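What follows is a set of structures for review.
Here come two complexes built around subunit A, the first alongside subunit B, the second alongside subunit C.
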Partner chain A sequence: MTEPGHPDGGSRIHETAGVPGTTAETVHTGSGRNRGRGGPVDSMTGRPVLTLRELSVDFPTPQGVVQAVRKLSLDVRLGRRVGFVGESGSGKTTTALAIMRMLADPGHVSGGTIDLGGVDMLKLSEEDMRLARLSRVAYIPQGAMNSLNPVMRVEQQLWDAISAHEGRRNRKELMRRSDEALDSVGLHPRTGRLHPHELSGGMKQRVCIALGMILRPELIIADEPTSALDVVTQRQVMQTLREAQALAGSGLILIGHDMGLMAQSVDELAVLRQGELVEYGDIRRILGNPGHPYTRALISSVPLVGGKSFLRPSSAREAPGSRRPAPLLTFDRVSKVYGKLTALHPLSFTLRGDVPKIISIVGQSGSGKSTLGSIVLGFTHPTAGAVRFEGRDLRRAGAAGKLGFRRDVQAVLQDPYACFNPFYRVRHALAYPYRRFGLARDEAHIRQRMEEVCRTVGLDPDLVLPRYPHQLSGGQRQRLIVARALMLSPKLLVADEPVSMVDASLRATILSNIYDLKDRFGISILYITHDLATAYHVSDYVMVLYRGRVVEAGPPGQVIGNPEHPYTRLLVDSIPWPDPDRPWGGSAGPEPAADHAHVADAPFAYRGSVEGFELVTR
Partner chain B sequence: MSRAAPRDRRRDRREPPATDASDQEPVDIPRKAARLRIPPGYLVNRLLTLLLTIWIAATLIWIIPRLSPVDPADIMLGRMAAGAGAVQDADRILDQLRESFGLNDPLIVQYVKYLRNIVLFDFGLSTATFPTKVSALIARALPWTLGLMVLSLLITFFIGNLLGALMVWSHSPKLVRIAIPAAMVFTSIPPILSGLLLMWIFAAKLQWFPLAGAYGLTVEPGWDWAFAASVLHHGFLPALSIVIVTFGFWALGMRGMMITVQGEDYVRLAEAKGLRPRTVLYGYMIRNAILPQITAFALKIGLLVAGQVLVERIFAYNGMGKLLYDAILDQDFPVIQGVSYVIILMTALAVFLVDLAYPLIDPRIRHGSDG
Partner chain C sequence: MTGVTTRAARRRMRRFDNPWTNPKLFCGAGLLLAIVALGLLGRLLWDLDLVFTGSAPLKLPPIGFENLRGQPGVPAHPIGTDGSGRDMLALIAIGAPNTLFVGFLASLIGMGAGIVLGFTAGFVGGRTDDTIRVLSDVMITIPPLLILVVFQSAFGDVSLTIMALLIAGFAWQSPTRLIRAQVLSMKQSGYVMMARLSGAPTHHIMFREMLPNLVPYLFGSFIANVTTSIVTAVGLEVLGLGPQRIPTLGRTIYDAISAGALIQNLWWWWGIPTVLLAVMFIGLLLVNLGLDEISNPRLRRLGR
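This part shows the complex of A and B:
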């Protein structure tokens, strides 16, 4: 990679074509069986389905032209999977949209060519381009949670796609094809009769894959298809996508920022940075011997269970060891029932808070971990049992007690984009609660405090304070939320998936910020996540939640490093490792699934305790 | 709604094993018929709300005029005096009038009688056009208003929403995108002025349309073509003046919703599916953007009668608006009460029907028995 801006696509073809891959065989069978067009199959193996040459995309703005993609050249061949990896703003999605010719105004292709199976995509008429979408190149957009029209049944959304390309078809044929498509992604055909809101996130994502495959396109572009899913569902969806792609023999572009996921999913990797291709080649070569410092940084940003800690060694003084008259937080047989569903089974624990601790609560979506966090924050009232904060039952607390509780317990929530009122500058967002709680002495005091907390989370106060939230990046916003919580000097911080929507390279920084709060300010933290690798590094104690029950609890080295309960093992095995040779899914055997009897019936595994936190086991 | 999903999860265990084992996501497939059935509990709940709304509103209508120091019997006497020059035995007649209107009864008796009467649509006698029954006046005016107002409301709703959508749609012709905001200027004109303007141009100058009335004096009311043509001919200008003035309300509301919907992932996926731009516009964008507009539509049905009083007045159109206008001028309380009651009834019924129908147009909404 001597010339990062001008990678030699041609020579790379030879380099990677020589690598024997299992997918090559799949292309043979897949093409022969399923492909109507494309001519003699054998001679077509490895034919580039997509060729990008010197592709540039510009976004003219009042401040000048932003070059979102700069002279990008690469090939995607039939049956091969190519990963686009990079941070937000690196041009991954822009490239995909340029191929689809769906760039948002005022973005446009300012140079280069996009060749799909011998057709110059940039020269197609609007109507021809429309017909090429889905039938030749399918795009599965980011955020599949909202990718389906909420007022149409799932199958109708498959039908209109078929009709738009092939003209009217009779209902029987449409039905047969939509059922087949859903079946191919592991969904029962009856799923098609449902409306999108009746489907879980994983199912919606599968529907999107079924949709992408239904006309058997030559190229599929999947834009962060699993970013909103938990690890177990992520692995299942990725397997579905791989199987469907292998069956159709199409080329696949997988866009993402998680090196672990890439390692487990693609054959070739394209590393993008600020619109430029900095490295491109076989995934094994790149992971084994990354040529560019940026690639190395991306790889090392993946936190590994048992690996080197991404946390800075704590330079702070010893945690303030204040004696508390009453434990900070006590759960006394707290449970939550919604209708017939028990979101949280009776749970009792005591967090003393004398010595601050980080307690991680891990589990899949729907395991009850967010319900638990919401109960701690006082947003959800338990159906039974009592939550005591510093010895006081929250429900019996008076107005002053509740106000004090609101100040002492702060939250960092998942979505950094939705957490700020867009009408106010950051300055206001930070100062307002400080004033309201009567902590401010005068304006200079507020100013000083704001600058202090901004520096604590590594932001330049002069840069961020006068801005509006939309002028900041997701990572900056999430750090500001930590700063806002810190303004009030809370005693307990509830962090519910604080980094799941942030670029992988920023996760470590933000988690370090949160981690520092413990030692520097003596704040105890409840870290709610489905990401076991980060929980492994930051926490003092881990509780694994499965269907509203704690199934395993103990120090992270025990619980995550060497899981005993089959459910914890399933979670740990579902983590994609940045090592293509390490099987994804862990130990061989039948497909692991969370509803297998051996998971559901396994006994609670107690793996030890930690000072300052007691879990009451029955 | 959020509670419905976990409940479904429970029933999932009985799902056929045909579902892929690796997919632990539960599916409960409701039968279509079951979805459309309205649970009795919900229906009762909605009906009670409907009755409660009507009762509270009817009570308010009854209380408010009684707070006024004006005595309707006085007014009638004054009117008689104005007509005849002088009235003998004024005190006795006043007393008789009070008696015949039941004004001498204790308030609670008056109130109970009133409630019983409005259930039977009996609002008593008009004081201005004594002794015509208020119900007869309303029955005469209501069809005209319903015809004119509902028709113009439907046209406005259709045009306004379509134009609002086209303002946002990226495939709209440039001309459309420039012309619509310009047309919005009309929205800021008060309906009286636009009505007068239309009358001046099309009725007075061009003489294409008649100046006043709901149908021609020469045609006999009946179910024949001549009468229908006359009604349409007479109704055109009032309807047009309403449409011109009110379409902006719908267009702006629709525009706001369309901008939101335009950024939705499902619209982007629809485009990526290679659907025709029109399919995306109607099936994906408008179909979702229109949902809050439909609720607004139900509310407007009732408000229109009150809102277009002046339009009916200008065009001398014998509808509810004109009836209300005249009644206010004459301080004809029974008629005011009757018209207000009908307006409330229409609004409440429209909201009730939309409540029941909403799950049909938005599958995410389900009839919950807790309302």
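This part shows the complex of A and C:
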């Protein structure tokens, strides 16, 4: 509520709004005048299961009333999948919560109607509403997989859902129905006997889908069901969701911010911005001919493998190279073993650092890429082998050497929400290390440097620096972390999934900021990610990690543009593209679980090298 | 309908803006300050020598009442006297602040130990953590009154400070556990990671990054601890243990009970200290509730 509008969001849209599109009657201004849509209606079969008319939601705050949703009108038909897309704060989740009548106090529906299969949801009594939830409309909230009850078996949680709505049922029937529900999401009935901690993230998310579908609701609302999952698991879960929905024949609302994911999963798309529906229609129509500049901006923000660069580096000038007496970073047969699990098999490489390079390390969660990052940062010590930074082993360094190492090796971490101490204004995060490393001459110098770096990453220092972290958006915080790294001018930066928790529309901006660090300020970067499309654009060299081993490595054009190893191919195929006709999550892709043996046996593929980086292959 | 809730909600929000306008905190602090003021004003305006035995007529009622012998209250002793000729006003003017003092001192010492032990356990880990954790877990299972009764009867007469120290010996376990748990979860948080990346020394991470975020918990836990410490102290005093020569509210209740004040209908003797204790507990509860409401940093506004 107190979140200020991002100053960056608006400007980006204007930049990309260059192409004048045929502005058909697609934009709902909320007056209700445009309610009778012409074209797409014919293609929509099935009766509407959900009808929203001029829905408005207000949140009163001390600063005045915030209109989270403004006069939203749309239909969801049986058997259709509708996507709600927009950046955070656009009212996607609020609309879903309004349908569920689960708005957090003091938010409330201030106007309009919500009609679910002929029933006015706003007029239902509290008890009728309770019965309607899950049995008629199911909501799978964001991060639902972490809200499974840890002390109950999965099947008991499914049974709870049944008995809360239909009263007591005998055990045999409960058992049959929970097994059926698990089967419909591709899980073995045995899974039901397990506790949530025994399941992987993807399995937990599937259990949540099973929980949502078990009473065969007419409408399912899935709020970013794959936001915490890597690309491969994302594809599997989306496939499950689509199949389960098709089986039940219900309507589906998919909430998300990734245009690529939407394109591959939904039939119709509703684009929301600041609580208003800016565009609504068939997905093919919107992708082929977006009517609103904001939609165009969302589409163009999706990085494509092989497409033209989505980065807009602010300078084409290469930073001047400098001869170093010793290579910047050397891994000498470094490995890490946790108990029986080998997180990282012996790995040797040398990063010269004479000319700054971006080295991408890609892989699924559990592939060992974060362990690698943590070893570089010195937070994890290798089980065997040696890490040398500028020729010196960190573990033999003294206190001064350690402080110097800290200054020279910095990081941008995954979660921008956790990176700021909520007690301090955000400037603390920038000023403290600057002072600590003895880079500051006086307070005025710190202030001047802070303002400088904020401007470099495109933030207004007067607007951002005096604030508390919770008053800034995720994108702003992540850019501040990039600004912090820039202010310290390290020699090496570890960027661990820097954009995975940021809105898709801001990813390009943040990656451009990071790219600038290399280009303009000569900082070498280790970019750790599961997203091959961004790695394709930013990196000079890519290493694909699979179960702690480098299975393919080389320049991104070859490794990602034309993958040889089956695992790399699987990763590339799992990227959602803004192209509804591309097979994704259908039967076309191989089921990765069944394919593990095949993947593990495939020969490693080393695809050439770049100057200044050398991977020792044996 | 919505209009009403909206306005109520907005009013509720505005209340959060300034912590010092929070009515609960305000009332609670007021009640506690009133007790402190009673002690201070008593020392200035009243003759405190009247706490000595036999300095006044016995068993006089407060003004406007009569005792069983038909004696009316007199202005010289406005809220009556007790069974050994001590003035009640002088008694509570000294006793009430004393009781509060024992509670605060015990809690302060307990919290101090809790902060040090909790941070050590959470930060150092390993054997140190095991030792501290087992120690505090074992201590939590021992009923404090049992041990204190044994201690106090062995010591005989004790001073208020000794008493506070003894109670503090049972007031450090729960803060230790609470802080240890918080430190363990905070150690993994992004901002501690960032501080380590900034080359921050351990004491900076502990006291500048972590501790400020614990302040709401510490305050809440401190006030709750004061309440338990006072309950323990009064419990001991009512049993006739604790300081013998220094007036406290619990001691006064003990005297009243052992002199048969209930049978003789000397209600002011035991009633006034009881009411004061109730006021103290209500004050502490309100402060705790008020702190709960305002300690959420998300409700903090953009400051100057």
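Some points to look at:
Please note the rule applied: the second predicted complex is superposed on the first by the 556 of 618 C-alpha atoms of A that agree within 3 Å, B and C clash if a C-alpha of one lies under 4 Å from a C-alpha of the other, contacts with A are read in each partner's own complex, and residues count from 1 in each chain.
By our rule, a residue touches a chain if its C-beta (ideal position, glycine included) is under 8 Å from a C-beta of that chain, and two chains touch if they have at least 3 such contacts.
As the structure is a computational prediction, the values presented were derived from the model and not from experiment.
After superposition onto subunit A, partners subunit B and subunit C are found to clash with each other. Of the two partner chains, neither subunit B nor subunit C is touched by A:489. Ranked by how many residues of subunit A each touches, subunit B and subunit C are led by B.
Look at A:135: by the touch rule set out above, it reaches subunit B but stays clear of subunit C.
Using the contact criterion defined above for the overlaid structures, shared-chain residue A:406 touches subunit C, although it does not reach subunit B.
In the superposition on chain A, contact is made by A:165 with subunit B only, not with subunit C. In the superposition on chain A, contact is made by A:339 with subunit B only, not with subunit C. With both structures placed on the common chain, the touch criterion links A:148 to subunit B but leaves subunit C unconnected.
Once chain A of one complex is fitted onto chain A of the other, the partner contacts of A:187 are limited to subunit B, with no touch recorded for subunit C. By the touch criterion stated above, A:380 is placed in contact with neither subunit B nor subunit C. For subunit C, the stretch among 22-30, 148-156, 184-192 or 292-300 that collides with subunit B in the superposed model is 148-156.
Under the contact criterion defined above, the residues of subunit A that touch both subunit B in one complex and subunit C in the other are 105. In the complex of the two chains, the subunit C residues touching subunit A come out as 2, 5-6, 9-10, 13-14, 16-17, 189-191, 193-200, 209, 212-213, 297-298, 300-302.
By the touch rule above, subunit B contacts subunit A in their complex via residues 1-3, 5-10, 15-16, 18-30, 32, 170, 264-266, 268-277, 279, 283-284, 287-288, 291, 361-364. Against subunit B, in their complex, subunit A makes its touches with residues 100, 102, 105, 130-135, 138-152, 160-161, 164-165, 186-188, 190-191, 193-195, 197-200, 202-203, 206, 208, 211, 233, 236, 239, 338-341, 343, 591, 593-595. Per the touch definition, subunit A reaches subunit C in the complex via residues 58, 60-62, 65, 105-106, 108, 110, 377, 379, 402-403, 406-407, 410-411, 413, 415, 417-424, 429, 432-433, 436-437, 466-468, 470-471, 481.
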